[in-house]
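Working notes, structure below.
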């Protein structure tokens, strides 16, 4: 719902603990847009230097930046703010307050088992199922068509989007966000070959399913994207520590532990029993072998494959993943190789 | 539902604007099959030259081809048709007309909010939810167990398969097909570090979610496979232009734009704010970095990773993706390297 | 539900057809844990030699192993068992028998079409849809919020987890397990360009959808992980043979055939009409091009891409996938190249 009365650049600066450093502090801001799409009356922002070339042609009336750039158009009103990315989001929320569309209360056509504990302010949407023994914390919102298995514990202020599946015994902390289509607590991929006598008097190996009897524990402030999978542990727990943020289509296998503040980008796959440290970044399409340990503050490049332990505070890339500088050196030589070999022939 | 009366080769040729060029034009065709599985009475086709070696042994009574091949078995009836792939599909539809299994009308156990506008001929399946403010165009079929959020606009003749999630404010054109499990409009993966005073009098960086307030726009004739994810824009729109075809398990991040007629194959991942041109092919498991621009008519090889802008009309491969010829040259040298080094030692 | 009376090491050994070879055979076992988390009174196991270094510090009272290791702590009770992995799972089931949480019977708020055949002992959960003409075998459990299309056949003792979609005409054998979010029978990704006269009197190519009229056949004892996709055949069947085990987020395209006992690890993608042999392993994030044949007993390394036929009994890696030894040799040379070139310059 857009506002009907509008703020000045000066009042936006105040809202952000920022400062108008040039242009007209009394100009009225009616809307917001990206730097290339902004029109007169709009506010925009510059956070990524990649977009600096667009600055001189922006039609915006005001701009949020972390520092003054000489490329800014004449007459534009410049507001300095520490973190223009975040500051701009606040302006957006101010100019266009989010609508509260969530169904309030427990929908009569949801299916909440007897004995399930729903704290104050919980919302449960239509066609959502909550099985016996589960406990849902205050103000948690469970959208329609969610499935929550037996004995699940969910904390406060969580958001569980439509079509999420949370299987039995999963534990979620507070402020956890799970996007649509994500499956938590599916069986780990565990099989073993058992050799047995066969009908012909010999022996044959049969692949047997190893029961997956553990669970998944997700701590506070974790966000999981859409269509991810987090398998339950064989025994014990698959653990995602607090403040971890996970993109879409990411797979976390049984018994994995992901450390605090770690980021995992779309398409990454983590094998069983791997241990990922704190503040790690796993880039898009990266993979981590089972039973591998990655130290704190490690960065794993896009499409890399980690097949052995990585010490903390390193950056790795390639497959098999090796220190980033080695990887770059190899890439550089590979690029020059045709020329080098031509020279050698001479 | 299979037919009970059957056409001749000649009448099939007429149906296809094709021509019987050898064999018996009056032979009756009772069924269809692939070239290796066809039996007497069947029609088959040859579209991919890879299957030419199978031609001489086929047991089919008739075959659709774009040209005459001398390998065709003696006596087989050959029908020439411009596009044997498409022509064969028409024969299949003719011999085995598709059944119309769709529930007609608005199911009494669906949940359509008051004020939702359903045009003539719309079908809404059981357990499907359509939230307030949404508009659905003529003859669009929404299968059971779909979730459609607030203020979604869907055009005419769309097919939305079971368990699709379409979140608030999404816009779909006409003739759009969305396969099961796909999630449209989930939050973009956007976070920023904010430095704040901490309890010990120092400062600490905290990762803050950037609100994702934009939407997703999907134009006419787009098909999206199963279990894909298309994130909403942070502001503005994530856009998929008309005639784009997307395979399964593909991820499209926030603020991406995909140009007309582009094909994206299974397992591909596109990072935030990337711009993909028209008529592009992104092969399986390829990846595109955020904020990168790919020109029109570009082909990106399987498993490649695009990390910088790619000019139009080029073919790239490898990681980082480079021109295809360079990539091939490097691969060739890499293959020969063991021998080259052996010779050098001598 | 944990037990209230507890077995001795000796009685556990009997249960497993194993043998206590050292320590106290009368010690009472109250619980189970992994080797590093076990406490006094617990039983643990050693199956993967990677964890041998943890053995000397374990606090467990008893341990299952396949052979005696001198690193075992003094006084620990050692039980020998052929397959400690499987043996330990049996102990877990014994100490902590699985709870039977499944809803029994046909839920009154499911939607089972008239004429659907449900054998004895079938369970159908709330909000599950089964369309006309489907047949479900004895004791198969269909969890809540599943969608089963028209004319689907499902065998005995299957487990279909919440939010699975099984589209029309799919055939499942006995003892099949399908995890949440998986989609079976979505349309294959098939399009063809058709050239037509356009309005300006010239001709233009239009991409046409090729109807996907085949189905999916999944044989006995197959397990499919969460959020996988298996596309229906264009004609004929996409086939997954018996005992195949598939991890999460795997894509199987139209007309693929996967041979008996094959394992496919998370994130793998298989292109249309590929034929995968028996006892194959496709490691994580591997890819197989369309129309390619992979022989029996082949191992495809993680992140590899198979682009041409692979003979049986081989191991391949890299992209394009080549014999593993060649791949290793190339990797080794690549690693040494910087030094080799330095020496050459001298």
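Every chain is named by a letter (A, B and C) in the order it is written, and numbering of its residues begins at 1.
Quick note on the criterion: a contact is a pair of C-beta atoms (placed from the backbone, for glycine too) under 8 Å apart; a residue touches a chain by one contact, two chains touch by 3 or more.
In this text, all values refer to a predicted model and were calculated from it rather than measured experimentally.
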Which label fits the chain touch graph of this model best, line, ring, star, complete or other?
complete
Matching the CA atoms of chain A with those of chain C requires turning by an angle in degrees, to the nearest 5, of 120
Would you mind pulling out the distance in Å between where the CA atoms of chain B average out and where those of chain C do?
25
What are the residues of chain C that contact at least two other chains?
127, 145, 163, 181, 227, 249, 267, 285, 303, 334, 337, 344
Along chain B, where are the residues that touch chain A in the complex?
111, 127, 129, 131-132, 145, 147, 149-150, 163, 165, 167-168, 181-183, 186-187, 189, 191-195, 207-211, 213, 227-229, 231, 234-236, 249, 251, 253, 267, 269, 271, 285, 287, 289, 291, 303, 305, 307, 319-320, 326, 329-330, 333-334, 340, 344
Inside the complex, what are the residues of chain C that reach chain A?
32-34, 37, 48, 50, 82-83, 85-86, 89, 92-93, 96, 98-99, 101, 109, 125-127, 143-145, 161-163, 177, 179-181, 223, 225-227, 243, 245, 247-249, 261, 263, 265-267, 284-285, 302-303, 331, 334-335, 337-338, 341, 344
